[in-house]
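First the structure, then my questions, so here it is.
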Amino acid sequence: MALPPELKSLAAEVSNWGRWGDDDERGTVNLIDTVAVARGMAAARTGERFSLAIRLDEAGPQLGNIPGRINPLHVMVGINTPYSGDPSDFCASDDAMTLGLQACTHWDALAHVSYEGLLYNGFPASTITAERGAVRCGIHRIPHVVSRAILLDVARATGHDPVLPPRHLITEADLDAAVAQAGVEPEPGDVVLVRTGQMTHLKARDTQTYTFGEQPGLTTGTIRWMRRHDIGAVATDTMAMEVYPCEDPAVLFPVHMIQLRDMGLLQGQNFDLEELAAHCAADGVYEMLLVANPEPVTGGTGAPVNPVAVK
Amino acid sequence: MALPPELKSLAAEVSNWGRWGDDDERGTVNLIDTVAVARGMAAARTGERFSLAIRLDEAGPQLGNIPGRINPLHVMVGINTPYSGDPSDFCASDDAMTLGLQACTHWDALAHVSYEGLLYNGFPASTITAERGAVRCGIHRIPHVVSRAILLDVARATGHDPVLPPRHLITEADLDAAVAQAGVEPEPGDVVLVRTGQMTHLKARDTQTYTFGEQPGLTTGTIRWMRRHDIGAVATDTMAMEVYPCEDPAVLFPVHMIQLRDMGLLQGQNFDLEELAAHCAADGVYEMLLVANPEPVTGGTGAPVNPVAVK
Amino acid sequence: MALPPELKSLAAEVSNWGRWGDDDERGTVNLIDTVAVARGMAAARTGERFSLAIRLDEAGPQLGNIPGRINPLHVMVGINTPYSGDPSDFCASDDAMTLGLQACTHWDALAHVSYEGLLYNGFPASTITAERGAVRCGIHRIPHVVSRAILLDVARATGHDPVLPPRHLITEADLDAAVAQAGVEPEPGDVVLVRTGQMTHLKARDTQTYTFGEQPGLTTGTIRWMRRHDIGAVATDTMAMEVYPCEDPAVLFPVHMIQLRDMGLLQGQNFDLEELAAHCAADGVYEMLLVANPEPVTGGTGAPVNPVAVK
Amino acid sequence: MALPPELKSLAAEVSNWGRWGDDDERGTVNLIDTVAVARGMAAARTGERFSLAIRLDEAGPQLGNIPGRINPLHVMVGINTPYSGDPSDFCASDDAMTLGLQACTHWDALAHVSYEGLLYNGFPASTITAERGAVRCGIHRIPHVVSRAILLDVARATGHDPVLPPRHLITEADLDAAVAQAGVEPEPGDVVLVRTGQMTHLKARDTQTYTFGEQPGLTTGTIRWMRRHDIGAVATDTMAMEVYPCEDPAVLFPVHMIQLRDMGLLQGQNFDLEELAAHCAADGVYEMLLVANPEPVTGGTGAPVNPVAVK
């Protein structure tokens, strides 16, 4: 079953197809203009930096439920190799890695999700091939993400810190509560970092609950909010981003469908917001510069990223 | 043969061992403090952004001369997979990648090079293992790189634009000429981006010349300069960073040896500086904010990075 | 352009579609019955064994001209790891590998080639997906290959030992000359090993000539011969198996097209026949037991194999 | 703690160091001479064939408890790629794979296990490196395994079919019971296939029990038996081959230690003996030809294999 009528009409309402031209493959990232960048720079006041990435290693969050989405396998291909044969001389160590691009902290490319045979802006889903990946709307179309970010600490704003209840349905009201707590009004091109606290499970090494447990997350009820505020990108501290199991069990991942394919809204997952959130709670400042450049994978339908928030 | 006496004494002279404590694994990145960050923010004036990464795909710069250092192999593990079975419904595309961590645009971890059995700050080289990689001085110790950068366009400053002659030996005088052209004095924690123009070969798809040709690059004569200015990190637009074939054919990669192991100077390779350099030449502004967070590979002796320069 | 009329009618003439039922996914391997196995056993007289595989390592024959077909990257994931912490105790070494399945000595699955949207026996080519590989006619349908083999040393039989001239077009007459030299008449289910001598280039480390040079090989003129003799499988000592560049530059790989898709004839490439051929020339015995079980890759469109010939 | 005194002296007693020369890297595979091959050929009477390999795919037996030992990840790098651009013409599908070499059905190379710094025949364990793998006693030293095999169906012979109890300690008496049931006396160079029935768990998709459950297996009490009969290679239908948890919890994997490092006895794991065992029980014939050539991984400390038993 495709989207039910009310979601179809929501999709049409929030659609950004054609907004930045018929050839556009970047979606809401177009909103991150030099004004947004300047706003980001202005938000970096103390120079404190927070990496929002989880580590790339075999202890990653994947548990094998999604075929092909493997945790990073890091291997040494050379260890203190003495190039001249003499270990008192130059010795180099080299390594390699195999990983699922959506396995750890990552951005989904707009090409990550299709329905009814189409990608964002009407590109045929069939443009994604085994040979070349996503030639349209691939992650290589997003060379950088530099903007102001606002931490929307929904867990804290709704009195659920350190973590929202399982399958908590984040609503517009939740987002507004977090905005109120942040004391910063979202502006076009801002990135919103939505904290559920779900990452606390992973950090406590309870991968089972993090990955397989019922996950709090965004609902279709928040999509208009994202569109109204012209958010540049959204990221969460969960695997699924949206609530899981989904709002209506008969409709799989509607937030992904509408955000990626209709709005062209860049979305990130598995962002570690814990240290940042603690800092924001302490100093009361919820805005920051965010730089989160995806790895430039040609044709990638996603890419790992090591985002940094600078306060 | 190990380092000859004059280089041994240079190594001792510029050593940073112990400077940030006996447990330090981050080296000159310690110099990137909040003052350096603020300087970086101040250098971002117009909001124009430049990704300095080359693409991750099979057309990368590797040609098989370094065992195990393979170009990125990007593969689709799912293409428009209809989760419900119905393609009018949610369809997702997923991918995976195998790559050499030093294959494309990357930072070398301090652990990348050892000699005489030791890494930076005296950690035993034997701490690098097949099982765990570089537990000491691995790239995971560098969660972010956010600082002011200065483009040192040596090719242009020495009248060799678009590219320095093969095996041009970059000297202190060359760096000073580039500083003079830039009109910006390096300060502690700054990142210097040294442009040789070698990347023009790769961009013209002449990988053979880029990778196997004689490469212009840094010489041991520039090491004191880096130390004197307390540079936070250095990156070039070449595969080898230092001149190759090496200054003295009997001494392999002495700049790597001393910078990584003795100074603990973070170094980057295969940075694409072409578009940035053209812009700097046009507006005469050679300083910028640089954000270049390595992928957080646990135990990595290097990691891919998608650096962004913001002017 | 699809197959020209004379090849279309050849394809129809030699087709095995439906011969072993509408659900058949194994093609000519069906011909390897217990009679063929017994013939193979009878051919093993002295117990001398010859591995026909080239080694799996980075020095393999691939040179990057076929996207994704990478030479094997072998990596150690543990080296003498002391499980108890004490190296006088149990220490294990483990490894992993990434490889192109058609990179080295391999069988092509029948699913490897399609045209006009169909695979062998009429299965839709669309049954091959990124998620599941070749669910139809995948290499997992061929659990084992155990039969008599005849070495057809075309290079020697035609007076061109050690290697046929570049782009030598192997004809029925060439095969018959080799049969005459072998003194063994092919029977149904036999495997024929066609030696061109091209492997001598690879063994001399001239990968360029082996892989990129003009290759001697089978022509469409030999397809009826294979069908008439009801050959169970065919393998050669070249990358392309068929002559390359192709007979008619406007028709790419017609032998692959007709053998795999119409006849369902299992075909192997990069078999190292040198040592075996020298032995056969010395003792005059050209038949042997061949056991060449593909690795059981679920959904594989090919698989590495280490074939052994037993004389 | 190293081996306790009684096992040390057992190791010395069964040692094959020097038996086939000081340079020998093949161990008991030397026992597989042309006589053994002929015995194998004679055992193939009906031509029925049984693949003993489990499939290579993500549903493999690994559960992540051994770092780096990942289940096979099979990926398509091309799907019906039309080389000429026209899908009515030649279209090829290609694939690649990443896998742990010990993940599925495999032979351990003699280099797989060391203790006290030594490999089989006294080679230093330090000869295994990240750069080159096992240059000594690597799996590439075993180009083929062709011999008679005897199925020792311990589960059935001891009245425990379909599967031995968890952590059943297989003794000499158990092996002798299975020999008696088989009615075939082991001779030098024979391969013994020891069936515990543990594979029934994996085939029932209970990977947890197969891999993590207490496993029946060989004990140190069977080592003399292997040496006395001069077995050429041994394989089981379990992950660990020997009983697990180990006989003496303070001594990890003593059977591996002594068989691989002292005897030089090739050993295989995760062999699927179910179909073969049912056939043997039905016709009462427990000997067969076994051909089980490891993939020729240069420097491999193990390699996947698709063994075939021919009755």
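Labels for the chains are A, B, C and D, by order of writing; each one numbers its residues from 1.
The rule is short, and it goes like this: contacts are C-beta pairs under 8 Å (C-beta built on N, C-alpha and C of every residue); 3 or more make two chains touch, one makes a residue touch a chain.
In this text the structure is predicted, and so the values were computed from the model without any measurement.
Two copies of one sequence, chain B and chain D, touch each other mainly through matching residues, since over half of the numbers at the interface are common to both. Counted by C-beta pairs in contact, the busier of A-B and A-D is A-B. Chains compared, chain B against chain C: the Cα-based superposition rotates one onto the other by 180 degrees, nearest 5. Rounded to a whole number, the gap between the C-alpha centres of chain A and chain D is 45 angstrom. Centre-to-centre, using mean CA coordinates, chain A is 26 Å away from chain B.
Within chain A, contacts with two or more other chains are made by residues 67-68, 70, 73, 75-79, 96, 98, 129-131.
Judged by the touch criterion defined above, the protein chains are all mutually in contact, each touching every other. On chain C, the positions that touch chain A within their shared complex are 67-68, 73, 75-77, 96, 98, 130-131. Taken in their complex, chain C has these residues touching chain D: 1-3, 33-38, 41, 44, 46-49, 51, 53-57, 59, 66-70, 72, 74-80, 83-84, 86-102, 111-117, 125-126, 128-130, 133-134, 140, 143-144, 146, 252-254, 256-257, 289, 291, 293-302, 304, 306-308, 310.
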